[in-house]
Amino acid sequence: MIHAYQLVVLAPYAAALVLVAIPGYRVGAVLNVLASAATLAAGLWLMVSQGVVGEYAIVDEFNVVFIVINTLVGFTTALFSASYIGHEIETGRLPPGFVRFYHAMFQAMMGSMNVALVANNIGVMWVGLELATLITVVMVGLYRTPQAIEAAWKYFILASVGISLAFFGTILIYLAGQPALGEGVPAMTWSLLQAAAAQMDPAILDLAFIFLLIGYGTKVGLAPLHAWLPDAHAEGPTPISAVLSGLLLNVALYALLRFKMLVAGQPAALDPGPVMIVMGLVSLIFAAFMLYQRRDIKRFFAYSSIEHMGLIVFAFGMGGPLANFAGLLHMAMHSLTKSGIFFAVGHIAQAKGTQRFADIKGLSVTHPRLAVAFALAVIAIAGLPPFGVFTSEFLILTTTFAREPWLALLPAFGLLIGFGALLLRLQGTIFGEPVGPAHRVDASSVPLVLHLLLVLAAGIFLPPALVAWFQRAAELLG
Amino acid sequence: MPELSASGAALGALAAAAVFATLVRGAALALVYPLCAVAALVLGAVDLRVLLTGTELTQQLPIGLPTIGLHLRLDPLSAFFGIVVNGGILAASVYGMGFDRAKELTRRVEPLFPLFAAAMNLVLLADDAYAFLFSWELMSLASWALVVARHADPESRRAAHLYLVMAAIGTAALLFAFGGLAGPAGGYAFDTMRGHPPQPMVAALVLAAALIGCGSKGGLVPLHAWLPLAHPAAPSHVSALMSGVMTKVAIYGFVRIAFDLLGPPAWWWALPPIILGALTAVLGLLYAVLDRDLKRVLAYSTIENVGVIFVALGLALAFRANGEHEAAAVAMAAALLHALNHSWFKSLLFLGAGAVLHATGRRDLDGLGGLIHRMPRTAAFFLVGALAASALPPLNGFVSEWLLFQAVIAAPALPQAALHFASPAIGAMLALAAALAAACFVRVYGTAFLGRPRSAEAAQAHDVPLAQQIAMGGLAFLCILGGLLGSVLATALAPVLADLVGGGLPRAGSGPTVFSLVAFDPARSVYDAPVIALFVAIASLTTLVVVHRLSARRTRRGPAWDCGFPDPSPATQYTASSFAQPLRRVYGTAAFAARETVVMPPPGDSQPARFSVVLVDHVWRALYAAPGRAVLGLSERLNALQFLTIRRYLVLMFAALVILLAIAAVTT
Amino acid sequence: MTGDLLVQFLAQGAQMTFVLLIAPLAVGVVRRVKARLMRRQGPPLLQGYFDLAKLLRKESVIAESASWLFRSAPYLIFALTWVAAALVPSFASGLMFNWAADVVALVALLGAARALLALAGMDVGTSFGGIGSSREMMIATLAEPAMMLIVLTLAIAAGTTRLAGVADFFLAEPFAVRVSLALSLVALVIVALAENARIPVDNPVTHLELTMVHEAMVLEYSGRHLALIEAASHLKLVLYISLLICLFAPFGMAPASAGVTGWLIGLAAWTAKLLFGAALLGLWEVSIAKMRVFRLPDFVGIAFVFGFLAILLAFLTRGVFA
Amino acid sequence: MNQAYEISHLLSGAMLVTSFALLYQQRVAAVLNAFAAQSIVLALAVAWAAWSSNRPDLFITALIAFTLKGIVIPVALRRTVTRLGIHREVEKVVGVGAALLVGLALTGLAQALVVKVASGTASHAREELALALAIILLGFLMMIVRRNAVTQIVGFMSMENGLILAATGARGMPLVVEVSVAFSVLIALFVFAVFVFRIRERFDTVDIEALDRMRGDRR
């Protein structure tokens, strides 16, 4: 009897193998969607099926949250790219030969991320995450324009260094666990490690966490390790930008959090909280200021992703049931909203034939529906009701103020700075006299609407089951 | 409970109207405003019932914030403000019915108007922090979209941007306030907060946050700068809502936090609202009296009234902290009544301004004039509003001012020296504000409606459709009625006052007549509007009769005398700017470093002399322009980090790593 | 009881008529005193009445550009001022309708009259009307804060804002908080000068365009309308003088309990004090010169300063800082 | 056993020395030689570990280290250097002296960090760890004090040598082999990229005009 988590991992890889063999674009797209749907189904099945703690795989409330988001956004993105890539081929930005490659890579990437998520072995987790990273590197370079290649190159270098550091951290964890758990696989099994955390050597744990923070933090996009992120988002195909912001950052964050739980298990070790708070705030405020100088719409939202990752890391750094709950919620909301925004941006780029703010004006005159959708998405990410991001930011700020009144000023400051920039760009794009061409948009708007509806629903009503589930995950985080 | 379900139905109707207006187009849209009007009527009726019976309705729904759900509560306080809000909405909706759908822009207004209305009602119903801020932000968002409805105009875009950013700052402050009230445990329901008032230190922070949060929405100096830009930018009936009603929702927020949730006050809590409020009152009118844009003048006068209300609230806090419940009741009654009265006359004035804008297409006072001949009804209604806004008896504006002065006069009885020194200063500033208000509205009315038309548009003006006249007429009637029956309104406040300050005004009939408004006790201060009005009426009628008996009834129309050399051109009239000149000379130099420069042509040269005035808005310079520049400058600096070489990025990474390692090395 | 009520009613009516009737005389006294001091014959004491009668008889010319507001304003202004004047306790403190309005309301009533006058001044759309209105309103913004301070002092002293109450208080103990009272007396005098458009704030007899304030506003009025406005200004003068009397020299005023005889005494005392005050005003007006409009803030500022000092001293005497 | 530890310790020490040699070298060719030396020492160390703690699978790692990083890549890179005509003097950011001093400081830091590790864990593991950490940091340093793509790659590879050393030092750690293979692939990609995208002087000069358009946002 095959278990859901195996499906979550195997389905994408199998699909990847099949897709490599399929030349036609349309069939490939359909298959891609179907495979993603299957994965999503498996992910949802995980929600209901009881948890697993095996030698190599683990499924608990904590990573189910991530798996479901992952498979869900993966599915919608596949849906979106099915129509989007078609347009790219027509306009000739993408040679048809690449599409087969693109679909296979997409599935492989999804599979690798799921591997990292279900892995109970920190080595396997590392492998999955790095595999996913390297695949996205290739995807970013897909258009083979000099810009794309340089973005991919930058991404490649920084990611590789991150990979090495993260691996060293993993080795250190093994070393720390070895005395308690003995040599071999047990000392790399996360569940066992966490159980034995109290007996581990605090000094090694400190060392390990630092290397893991820098290593995986590079992929989370924390400043000052963020450099690859904006260009990778701006130059890759839009579906990949959506996946990067919506998923890869989350998976890296997931790994980081697993290790935070581990280190937190050893009271003698350095408290990861303050470190995460500092890095989170730095990323949040830095990214907020960077928003003002952006002229490329995708790079703009990439920085906004850095900003929100900073906020999430800050929340987890604060810790405690409320802050962790808020952090998880914000993470989920950000994935949905930000990938939705990138869908909308894809539409806009197709409608105006450019990614430059200077050439995108007066959308509400030329493309009213698109303008409304985009406006709603930006409003959502700006943390305004009735969307779910408001809920999480409400919780984060209130609980921070209740615990550390003066500390709370910093995230609020960052968010306000970012808000100003978001609003400025929003008004600039949808209002005023339209300029430039106004093409028909033929990418499907279903994914965008779906995401918006989900975020809206979350802002108004979170099902109690979902809430309880988030709460248990928050408790696991301690 | 039927009332709440009625309100719920009405809110649902508003939501439905919003959705309807987004989906359909064409003639069917004409249904939106009537729907809003009906909904406002229902909501207002429920509020009225709750206020009069002094009951309290509560409801919990399993939506909203996870784990605590949505708490709704309609107590006398929110019911009172509900009456304020829905009165304004009703008037604005009726006014909206008069719009010519062919000409005016409606596609960007009609979907949002009901949303705005619903959000404001929801703020009042909310009984937990999440619901409150949720609807609060929704309110800002809807009004933002309405402000930017004329999106092609860059000015309104800038106004909208500033507005929503300031709103966000205010919301952040309120988040802090509620965070402090809820505590680390996260007791976000208002009942939980009432149960556990915070520590003094936290309470002080909460109060400051609440003052910033609600002040920025209400236009408290120095957080006011967005208001005179945003309110006028919206369509006039929306301006009426924003200025007349939304500012009251801000007041409600402050009252709810400071008087209900925050527990027993310390006396010094009173100082910030009193001082800021008095500054706001005077400064707001100084802005108003020097401005030349009709709608902006009204917006500035809104700032002044908000300041007055905050002064009253501060006094109420002071009295309550000292256990003087009657005095607290007087101050609180002044605040609440002024909120109500202001919502009436300010909505009226903005609707009137809208009528003028509609008739002439102009907002600049110096381009108007003589409208009293062209649009007599609007002129009459506007006159009522203007006199009410200048706090002149027997209109409603004066009732609340009178109560407020009574409260100020009672302030020296307080034990704290700081409040002693404050009381005369506050009294003087309020009196100055009242006098300036009179000057301001004489100026507005005199230049816009009296005299001779200064532009072709003004000369061609025509009165507005019936619906809009009805809206204005109704409000004007309310202004007069509220002026005469202020005491009745004051007695209706009894449950609210009892809840908030544990005291009340002397019960009705304790005065010489049923309608006499009494502060403290009849021997101390009484204001009896009906009697005075009666006297004035009798006196003027007798005068009329007598004079017409005695005098030659002959009347001749002739050219204006004007000291013997009348000039036919309307340009020779006093304009708004020339009217402001004495006030500018007296106050402007101090407040705005006003400088006048006159360039005289050399003798024998026939070219005209040039006169120009420079005003400096210090608040804007220091608190808005400077930070804006700072943010942009800093972002430009940081932007260098976007253009580093990969090696430099690696250096950053390496530095981060080494620093963390070093920290780990030194910490034991 | 009903008879008593009737008497009360009559008394109130009597006060209204008295103030109305005596107003032109008071003005006449002022003019006469001034003329005498300037070694002129001067107009007869009753000139005020003659002027009003003449104006009533003349037809009134109304500018084409004038609106209904221009025509109805004089009646309202006159009525408002008249009622206000009637509300100030003159010969008796306990009159029936004194309670209807306290000082605050009284000041506001005069404010309403002023606003209407200013509006009327702008209605025709001439340059002079505008000058008058704007300056009038500016002066008001200077005077009202000072007035508020005076009211505050009295309230601190007497514990009420009802004029009758204050009068009773000072009748009862004539030497309460002396110093601050003296200060606020000065302040009130200055305010009164400003409000009544007397020298040095304004010159009631000038028609030199650029120095006019009050006269500029009413420039377009003629005939019966002008008569009403003149009468109103006379009433206002009486109002302020009797306000000063009632607050600072209430002696002789009939207390609330007094009967008709007491009223008669009070009436005599009040009339005497009123005319004396008018004479003093005349003396004052010849002894100083009119100020430039923009020197006014300094002059009225004195009232503000004195009013503020008065309050602080009132605090001291009440020992609130102890 | 003890002497087994002595030898592995000796070899790791030798690797650290080669790392300093890398920092010290001026010319590309010499850098490549030093790197080759380091890789070969690594191969020896891994082989010794494989033999002493009889884990034959580690021999694969050793073999990879020897063939790929000891011989193939240095040769290939030398080819590239000559083909791309990179001038022989490597553009440096900080002087050799300074670089060496910083390197010493980093080694000290590594020591300071590992000293805090409780001696409860096998002491040889501690020593290996300290050396590996130092080697990794030096490799990173190498990447950022040189402006030349090839030397930067070398820096990365020596970092990765440190990783392998640490991995083999961690007794009985699974996946070491797989990981070493994975890293070899990574490095192969690096070199491949250097060939394909004509990365001449630095990592970030794919193409000069590209620089302006891109990262651009500068319009």
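Worth a mention:
The first chain written gets the first letter, and so on, giving A, B, C and D; residue counts start at 1 in each chain.
By our rule, a contact is a pair of C-beta atoms (placed from the backbone, for glycine too) under 8 Å apart; a residue touches a chain by one contact, two chains touch by 3 or more.
Treat the numbers as computed from the prediction; the structure is a model and nothing was measured.
Among the chain pairings, B-C comes first (most C-beta pairs in contact).
When chain centres are set by their Cα atoms, the one at the greatest distance from chain C is D. With each centre defined as the average position of its C-alpha atoms, the distance from chain B to chain D rounds to 69 Å. For this pair, chain A with chain D, the centres built from the Cα atoms lie 31 Å apart.
Rounded to whole angstrom, the centroid-to-centroid distance between chain A and chain B, based on C-alpha atoms, equals 44 Å. Note: centroid distance chain A to chain C, computed from Cα atoms, is 78 Å. Within chain B, the positions touching two or more other chains are listed as 642, 646, 650, 657, 661, 664.
Residues of chain D found to touch two or more other chains are 113, 116, 140, 143, 203-204, 215, 217.
Checking each pair of chains for touch leaves A-B, A-D, B-C, B-D. Chain D contributes residues 113-114, 116-118, 120-121, 125, 129, 132-133, 136, 140, 143, 156, 159-160, 162-163, 166-167, 170-175, 178-179, 182-183, 186, 189-190, 193, 197, 199, 203-204, 206-207, 209-211, 213-217, 219 to its touches with chain A in the complex.
Contact residues of chain B toward chain D in the complex are 642-643, 645-647, 650-651, 654, 657-658, 661-662, 664-665, 668. By the touch criterion given at the top, residues 123, 127, 130, 134, 146-147, 149-151, 153-154, 156-157, 160-161, 163-164, 167-168, 171-172, 174-175, 178-179, 183-185, 187-188, 201, 203-204, 207, 231, 235, 293-296, 299, 356, 358 of chain A touch chain D in their complex. Across the complex, chain B is touched by residues 93, 106, 109, 112-113, 116, 137, 140-141, 143-144, 147, 152, 202-204, 215, 217-218 of chain D. Residues 369-370, 372-373, 383, 387, 390-393, 398, 401-402, 405-406, 408-409, 412, 415, 417, 420, 423-424, 427-432, 434-436, 438-439, 441-443, 445-447, 450-452, 512, 516, 522-528, 531-532, 535-537, 539-540, 543-544, 547, 550-552, 554-563, 566-567, 570, 572-574, 578-583, 585-587 of chain B are the ones that touch chain C when the two sit in their complex.
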